[in-house]
Structure formats: structure tokens, C-alpha cells
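First chain A sits with chain B, and in the next complex the same chain sits with chain C.
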Partner chain A sequence: MSGVSIQRISKSFGQTRVLRDVSLEVGPREFLTLLGPSGCGKSTLLRIIAGLEQADEGSIALGGQQVDGLLPRQRDVAMVFQSYALYPYMTVAENIGLPLLMRRTRAWQRLPLIRRLHPVARAAAGTIATDVRRAAEALQIAPYLERKPSQLSGGQRQRVALARAMVRNPRVFLMDEPLSNLDAKLRVSARAEIADLHRRAGVAFIYVTHDQAEAMTMSDRVGLMMDGEILQVAPPGEIYDEPAALRVAEFIGSPKINTLPGVVRADGGVAVPGGVLEGGSGLAAGTEVVAGIRPEHWILGMSGASGSLGALSGTVRHLENLGSDLFLYAESQGGGPLLTVRAAPETVRQVSPGTAVALKPRPGRVLLFDRSGQRLRARP
Partner chain B sequence: MTATTLSLPVERTRRPSQSRAEAVAAYVLSAPAIICLFGILLLPTLATFVLSFTDWQFGAPTLRWIGLDNYVHLAGDRVFWKSLTNTVVYVAVVVPCSVLLGLGAALLIEAGTSGRAFYRAAFFLPVTATLIAMATVWEIMLHPSIGLINVLIEALGFSKQNWLKDPELALFALAGIGIWQALGLNMVLLLAGLKSIPRDLYEAAAIDGADGPWTRFVTVTLPMLGPALSFVLIISAIRSFQVFDTVAVLTEGGPNKATEVLLYTMYQEGFGFFRAGYGAAITVVFLVFVLLLTLIKARLAEKRVHYS
Partner chain C sequence: MNGARTLPFAIFRHVVLAAGAVVMIAPFIWLLSLAVKPADEIFTTDIRLLPIRWDAERNFTEAFSKVPLHRYLLNGVIVTAAIFFLQVLVALPAAYALAKLRFGLSRPLFALVLLGLLIPGHVPAIPHYIMLSSAGLLNSYAALVLPSIISVFGIFWIRQFFRTVPDDLIHAARLDGLSEFSIVWRIMLPAAIPALTAFGILSVVFHWNEYFWPLLVVTSPDMATPALGTVYLRNTEAGTDYGPLMAGTAIITAPLVIAFLLAQRRFIEGMTLTGLKG
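For the complex of A and B:
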């Protein structure tokens, strides 16, 4: 039985189509991240799953049950919002307990006096307090249960939002950029916490972000979205190494992948401005392609031997030493944008702006795309 | 009223003469504001307070200090007590009705999809209109024989009422006009309050299960509207304490003092009978009520209703 099954969802706001025929299957215990630039429709898709937005076409099943037309409450989902959406006038304990209160009591049992006197309401209050404390302890916010959200730091508020989501064991967790309001350091530790929460909860997580680091570090699979379409769904390593399209390759990876326009030669190599990328591409001679080479997939040579087959030559224009990595930005003799090359930090002793370098892609590491951006599976 | 000192993050390692020059400059620069504050707000209040201990007649060249005599007289004045009771009844009717109706109108407009601007403008119209002119229109509407209201009431099978001349009804007729007038402003203020509630909270509530109209209202709308609502309550209370123009135009306090209200009594004493000292004493009583409301508002603002 699948966790979440999304079938051919389309959605327009006025004239703008934000989702085009999106289908997606998420496993019952899977952590799936929807990654994409802002405005790609990923948040809208999440809100449609939650029931906060209605799809124009298509259908959604949660745990094997069709939920189209059901209210958010009836779908048994939990959602963590970018703003956390905590109720500012309630204490942390009341915030976390609200989903339980709404499910375990009736409206009249929540009226001021009855809440304290009616046996059912009082019993519910007891079990709610126990469950709230358990959730708060799991997220280390138990000491703050009686505080108001305004008295908490950003990281603590975020945990309250997580606690409110996990307290009632929903069948799917939906997270809409929950870390984007945290500072960089906190974000890294919160990533580990959310991954841990996922392991313990044992249900499907759908996580929306524009931050590829979050997507790559936490997910079982990443769904890359652009312009209302899912371009590729794959595990993080695969989406990085085997992107299905040039747009995927360009969005994932930092610094960005190098792209060179080229033409397949009779010997299978790819002629690009300033040189030839060696190897048998298996493509028909004359095919116009775009070659993509990630910064870490260059072999850096110091010879400066220009024109040697299978290599590009260029001149270093700019260096970025991050300590763990050194990035060279080299101007190719064939022109075009600067090529980004990742090198070992020790290389900094040998190169400086102006140094002539030779570049060769690692064997089997050139990604070829056709001119429309679709991946061509054979390699040079 | 309290004076607050602002400390600016200025370097404090200056020569004494220089810091004195700075202090002088500060006083010179704030002088216009201080003079205006005292001249326009504080001095007149103080003067009224002082006058209430004198027997000054409006326009008279001399006055005499008579201590608490005016207040003693007030305590035994049947008209004053009638006037105070009427004012409190008027406030007790107008405030809850105008706030609740304003809230209802704001919720309906906010929930609607079309014609929002029209409804907003229509409800706000009485706020912008001159009440004196509107009072004349109401006088015609409430006319015992040709008034629209009596015509409607008769069509519905009830007997005609002499709204402004019946001691039992006159105050409530005026309260009705007061509600009609206050409703629009309350609605606009509450609409602004509703707009400032983040949509996220409603969505979180929907997912948490608080999605019925009533549950959503008590879980999100009402608490988030707290600041706006307390402001609206206090403002409409103060404004209805100040009821004057409808009384002056429509009933002149009658029939038989049934619509005598504080400000109208004060106006009569001070400018009708020229007993300025006595009028000042009524004004002081009036001020105490308004001050009390302002204090409640300040206390509410400190507690509970603000969350930031």
C-alpha cells in the first residue's frame, strides 16, 4: 500500500498554470523532497495534498484511500509551515495539544466552564497533557511548555511546530520550507533532527524546499520541479550523477555544472570550442549536443600544452580557496563563459591568476544533452 | 500622562560645555511640541479643573473660590443624576450593539467574494456624514405620522410610536441613531484587524481540525482580533460617552429629561445658564469616566491581547 499516490494533478490560478499533469508515488515510509526554484509549483502541490487547495484535475490517495474532496482535517495529515503558524495567544503546550483537543473533544466540551467540570473533557485533558509532554520531550522543548511562542527563539518555535505535527501520529507529514527562517548553523542541526524524526515516525514525509543541501542530505528521493512539472524523481546521488535533463543538472550542484556546446565527431569524440572531449559517444557524427562537466570532474594539468587531443587549454582568471576545496575559474581558449574547476587545496601553490592550465574531463564523466536539454544516454 | 526620556546612542566622551550645549539644543528643539502639548491639551484641562472649584459665571469679571460646593450641589442635583444614568444606559446599549454589528458586518464582508468595496463604503457612509444633517433626516424618518419607520411598523401590524416624544422610547431612538453612526467605523477598524490575521493560522487550524465556522472563529479569529477589538470597544465607549449632537438637534434633553446626557447638561449649565463653574464640575466628572476607560485600555494593551 502506497503512502501517497498523486495522479495527474493540474492546477491553474487564473491564466497561470502552476501544475501541469503531475504524477508522483511516495512510499509509505519514504522521505521525499520536492526541490525547485521559487514559483515552480512545489508548495502548491503540497497544499493540494494537504487539502488547503483544490486541484483542477487529477486525484490523490493517502494510504490507499482517495482523499479528493475531503477536508484537511479528514485527510489525517500534519503540516509544518514556513512561518510555523503557531497560535501566538496559546502556550507551547496548548499549541502542541490543539490537534488532539480538536479530535478528542466536542465543541461544547471545550466551552470554558464545562472544560473543567465535564468528566469526558477532563479525561481528554489528561491524556492530551501526557501526549503533549511526550512530544515535547522528544524534541527537547519540555521546559518551555508554559511559555508563549513570542518568548521562544526561532529554533525553539520550529520545534514547537514539529511537535504539533508529530503529536497525533498522522499518516503523512508535509513540510513547507520549515528551515528557511533559521540561521545557517541552526539549519544544519535541524536537518539532522528532522531526519531523526522521520526515522522514528515511520510514515511518509513530503518536504518542500528550494535548498538543494536540505534535499540532498535528508531525502530518500528528490523530486526536482520546474515550471509546474516534475522533471526527475531519483535518490540524491542519482539525480546528481545522472540528471535527466540539462535544467536538472544545472539546478543541482554548487558551483553550477559547466556546459559546452559541441558537435559529435566521426570518432565519437565531441568537438567543443577550443578542443575535443575524447571518447566514444556512440552518437551519430554531426549530432549537435551540449556537454556538461561538473567542476570536480576535470583533471587539471599544469603543462599548458595547447591543442593536445582530448584536452582544453585555458588561463586561470580567478581563485576561490574554501580551505577544503579550491575552485579555479579558467578562461578557455575557445571562449565562452569561465570554466569552473574543483581542485585539491594544495594546488593553490601551483596556480595563480594568469597560470596556463590544461583541462580534461574524467573518463565517463561527461554528460551529454541534446540542444533542447534532454539527456542523451550514451557517453563519449 | 507621563514624560519619557529618550536616550540616544550618542558618544558620552564629550567636554561638559559641549554636553550642556547639547541639552539646551534638545530643549529648544522640543519646545514647540512641549508648548503645544501644554497650551492645547494640559492647560485647558487644568483650567477646567480649577474652574470647577469656583462660582464663575460665563463672562463675569470676578470669580470666587467655593471649594467643593459645586460637587456637593451635583451630588444632590436630580437632573445631573438623570443625565449620568441616561449616558450610562446610552453607552451600555450603543457599545455592544455597534461593536457586535460592526464585527458581523466585517466578518460578512471579509468572507464575501464580490462587492466588498461597495459594502465597505455603504457602511462607512454615516461616519463621513455630518451628524447634524443626518439627525434632521432621522427626525423626518422618526416622524410620528409621516415618518418612514412608523409607516413600516404599521405595515407590519404594530402600532405607531412617537419615537422622540415618548419618555420610554426617546433615549433608545437616539441610541439607535448612535449605533447606525458608530457601526461603520467599528466595521472598518475590525476589517483591518481581520486582514492582519495571517492566513497560515487558518490553514494550520484547518489541518489541526479546528475547521468548523464556530471553532475557527473562537480558535483563531477572536483571539487574533483581540487588539483590534479592545481598541474598538474603548473607542466606541468614549465616543458614545460624548453623545451630544443628536440630543441637541432632536430632543434637547426632553421629553421630561428622558434624553438628558452629560455633555448636554454641561452645555446647558455652562452656555445656557452661564454657570461655567458648575459646568466645569460636570466636565470633570465626564473626564473621570473617559480617563477610566483610557486606563482600562492601557491595562488591556499591556495584558493578554497583544502577542508580539
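For the complex of A and C:
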């Protein structure tokens, strides 16, 4: 039992409420990502867990122990910062060893002369050096132990920060956008490294990011935060396929999900501008809804024949060929914003701007939300 | 920029600077010149820089024998070093608290520090004197050092520097198990070395040359600081003997000049840093 239990945390800075009544349970070996746009309160929540900020209300337990009154150093959590926060005047070895030095020696044993002469202090220095080397080797930074952080590349600094966090075997790892200062290529390989570190450490990770690719690739569960609230906590696949709210559906997925205002008909269809979609069965006729269809959930028809049931007809306005994917931007006959459609790259031979197309959602892939943005579950 | 315009300007600029430099340096040249001349050459009507007969050895031995010059120099080193050490001991934690900790009295306390910057050093001289007198500490190192150990300028100057240290560094240190005092000495002190160097230069120069305060609290020559020492030298019978007097003055000025020559770049950096921000 070494999970994290967050109970009804609220926090305001002046007049601004950054966290509203946030509750969250993280399992003992779970990798949970807090995903959200900047300013949604995810970093503040992380800092509250670490004890660097005080919550106005609510309480936090780590491994079953209430930690609300405890100082950061008493909580036994490790944190990796976006800026890495390495101590610039210490070598890599000193950076990684500092948390061990502070824990394994007493203040008087760290005094300049005693540090070298006292047997206990010297023994501690020996075990610290061993542990530092082991952590450095695990992250392949052992050759740089005697360098200063300023002599390292961004990726190496980031590993030093990871090593400093893992060296003391904390009960929780907190990561505040640790990859966002890396270039895109390095970020992909660092994702695998962090996932590997999580497997080896065997403790709870709470990872904060605004990058949905990081959230989707590394996490056991993703908590989506907006405006100081957690909107949904679910495994990556579920949060993508079954978003609990329109804001979740719109934040996750790239390109963004298509949304169409509509009204449920008596036959279970959903009337949207330019056509009727399937998927509204079980809802009361006349319910005003927003229909969401992800770009890859369209079936692209070339006929252009308008009026076929369940399909929208439109005209291609713009193409984006990424090689692996082809994105069409089509204008529906019903008007509204352009619809985004993901199609196989081969389709490029058949369409060009001006081509008439028929767009039909895959069965069961229309997500319906009420006008306040809450998910509506249609019953078949 | 073309050469035709810049060359005359460069010449003009250097002529002006050279003239300024001559005005500044002339008294020191004259001082050195007198320090190596015999007495009968000092009061002649013709101006010559180098003496006809060198008398440096007599002037300098005379200076050391009339008054305990080495004692003044030692006092100067002890007092300036103690003041700087204690100033740092006080200013670093204070600056850290004012720059990085959030507490209720933070703003009013910083306002007091700024207010302290506005008060001339001579204003608290009498209260300080009375306090030291009633504590029986007059005419001691304590009397020379204690009133200067809280430097509001130092607190302000280091606080401004600490504001540029990222908060995450302090957060990381707290998580790594450092107490607030450990953070000050282990994390903030190394980061503040450039600011401390600049401040140290200002502090040492000021207290080495300080004349007013030692004059008030020091009565025995044993305790005299270098600046006060020159006055004792003048008051002895050597006072009318300008050769040894100038030799003594040269010796007292020398440490700062030598320090300047050795660390010229840091000196200038320190001075310009303060000029911009202080």
C-alpha cells in the first residue's frame, strides 16, 4: 500500500480558484498522468502533493499516511522539474548524491573537516558513492559524474534529474513536464526511458503534461484536468473512445474531433445540418445534442450522391498528406465548420479540392453530448 | 561608421580620458615622488618627479619606526575581514527570506530595508557610540566591527540577486531533504558568488578607508585602522617630516591598489554591477 489518496483539495491564489474540490486515487504501482492545458491547475496539484504549496482545503495521504502537516522532505516523494533544477555549482555526482547525503548523515557529520575524518561520515560517503554510481549507470550517465550540469546536453541533464529522483527510492515520483524542454526526437526516446524507470521502481508515478502523446503512451490512467477540476480519469484508450464530456473529447485527439449541433428524432436518428446521423436511439425525441465524430471514424464515399441515409454530403476544400495519413477538410452541405476526415493515403488519387464526397460515421462511433457538454449514452 | 569620422573622435576621446586620468593620478604620483625624496629636496621651487638623491630607504624605515604601521595594516585586515564575514553571515539568510519566503511581514520588512538605505551612515553614529560605551566596548575590535555587521545595502543587493534564482531550484532542495538554512549555505551561497564578490569589494574598500568611525571609537594607536594610522603618523614628530609621512601613506594605500591590479576585471565588474542596479 503506497498509493496516493487525494481528498477534496481546493486552492486559490488571491481571487483565482486554481483547484476546485479535486479528489483522486492513485494505485501503489500506477502511472497516472494529469493532462490538461496550461493553467488548469495540474502543476499546482503536483506541488501540493509534494508539500511545496499548501492546500486551502482537503487532505492528502501517501501510502496510507496523512501528510498534510509534513514538510516536503518528510514526505519521501521525489520530483523531476521541467527546468531539471540541477544545482549548477555541484558536479553530477554531487547532484545525485545530495538527497542521500541529507538523509544518511547528521548535520555535524557534514561539516567540512569531520566529513573527511569521522568514520561514520566516511562510511556514509562510501555507500552514497556506490548508490550514485548505480543510479548513473542505470541511466547511462556514469561517464559524466564529474562534470557540471552546464557541460551537459539537455537530454543528459534530464537523466541527471531522473537519477537524483530515483536514487533514494521514494514512495512516490512526481514529474512536472520533464520532457517539454527536449527536442521532439529526444522526447520520444525519453518516454520509453521513463516508462522503463516506472517498471523498475515499482511505485506510484504522477506525471503532469500538456502533451497528449506523452499521456497516451506512458500512462496506466490519464486524468484530464481543466479549469481546476478533474473531468475524467480513465485508461488512455477509454478516455479517447468514451470521453465523459465534450471538453474531454475536444482536448484529446489530433486533429480535433468534429462536432455538429443536432436534434434527436423519433426514429433514433440525429438530425444535423446537412443530413441525419445514426446513434440517437434510446434518447427522447427532440433532445438537443452535440454529435462528435472523430476524423478516423468517417467512412468516405466517392458517390457524392446526396440523401443516402446516415450520410452527409460535402465538397473537399483542402488536403493534407502526411504520408502515413491523409486528412481531408470537407465543407458540409449543411454549412458549419469544415469537417476533418482521416483517410488512407491512397485516396489522394481519387480526391482533390472540389471533389464531392459522402461522409458516413462508422456504426456506433457517434458520440452524443447534451448542450451543456455532458456525455449522453444512447441505449440500443 | 567610417574611419575618417571615427579616428579624430577616438583621438579626442582618448585626450579627454587621459587628461582626466592625469588629474586623478597626479596626487598619487606626487605622493610616491615625495616618498623617495630626501627632506631637503621636498621644499624646492623646481618641480621634479625623480629625486637627485634617492632617500626611499630612510623614509620607509622612518615611517615604520615612528608608528606601528604593520599594526595598522594588521588591524585593517582583521577589521575589514571580520566585517565582511559577519555582513555575509547576516545578509545571506536575510536576503533569502526576503527574496524567496512568503510570510506576513515580508513586505514591511523589505520596506524597512529600503528605508535603511536612505539613512546616512553618520546618523546612528552617536547612538552606536553610546551603546558601545555603556557596554564597555570602546577602543576594541568589537567597537570597530559591530556597528557595520548589518549592511542594509548588502541585504538589498543580495536579495535582488536571489530573486533571479529559479524557485524550482529551492523546491528541489526542499524535496532533497535540505532545511531552509542548508538551502542558504549549500544552494544559495554558491549561486551568489558573483554578487558577493561585488559586495565584498565595496565593503572592503569602504571599511579599509573608513576614517570617521574609527576616529570616534579608537583612542589607542594599538587599535588604529590604516586610515586613522596616517593621522597618527602626521601627529608624531614625523608630521613635519614629509618624506616618511608620504612613505607611510603609500604603504597604507598599497594593499587596495595591489588587490585592484590583481583582480582588475572582477573589480570593474563589481563596480559596474552596483552602478547599474544599486
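What we mean here is this: the second predicted complex is superposed on the first by the 374 of 380 C-alpha atoms of A that agree within 3 Å, B and C clash if a C-alpha of one lies under 4 Å from a C-alpha of the other, contacts with A are read in each partner's own complex, and residues count from 1 in each chain.
Assume contacts are C-beta pairs under 8 Å (C-beta built on N, C-alpha and C of every residue); 3 or more make two chains touch, one makes a residue touch a chain.
What you are looking at is a predicted structure, and each value in this text was computed from that prediction instead of being measured.
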Q.
Taking chain A as the common reference, can chain B and chain C both be placed on it without clashing, or not? Answer clash or fit.
A. clash
Q: Check whether A:Tyr89 is in contact with chain B, with chain C, with both or with neither, and answer first, second, both or neither.
A: both
Q) Is A:Leu71 touching the first partner chain B, the second partner chain C, both, or neither of them? A) both
Q. Touching A:Met302, do we find chain B (first), chain C (second), both, or neither?
A. neither
Q: Based on the superposed arrangement, let me know which partner A:Lys148 touches: chain B (first), chain C (second), both, or neither?
A: first
Q.
Taking the superposition on A as described, I'd like to know which of chain B and chain C A:Ala285 touches: first, second, both or neither.
A. neither
Q) Is A:Met79 contacted by the first partner chain B, the second partner chain C, both or neither? A) both
Q: Touching chain B in one complex and chain C in the other: list those residues of chain A.
A: 47, 50-52, 71-73, 77-79, 81, 83, 85-89, 98-99, 102-103, 107, 164
Q. What residues of chain A sit close enough to touch chain C in their complex?
A. 47, 50-52, 71-73, 77-79, 81-83, 85-90, 98-99, 102-103, 107, 164
Q. Residues of chain C touching chain A in their complex?
A. 166, 168-169, 171-179, 182, 186-187, 190-191
**Q.** Sites on chain A touched by chain B in the complex
**A.** 47, 50-52, 71-73, 77-79, 81, 83, 85-89, 98-99, 102-103, 107, 148, 150, 164
Q | Contact set on chain B toward chain A in their complex | A | 198, 200-201, 203-212, 214-215, 219-220, 223-224, 226, 304, 307-308
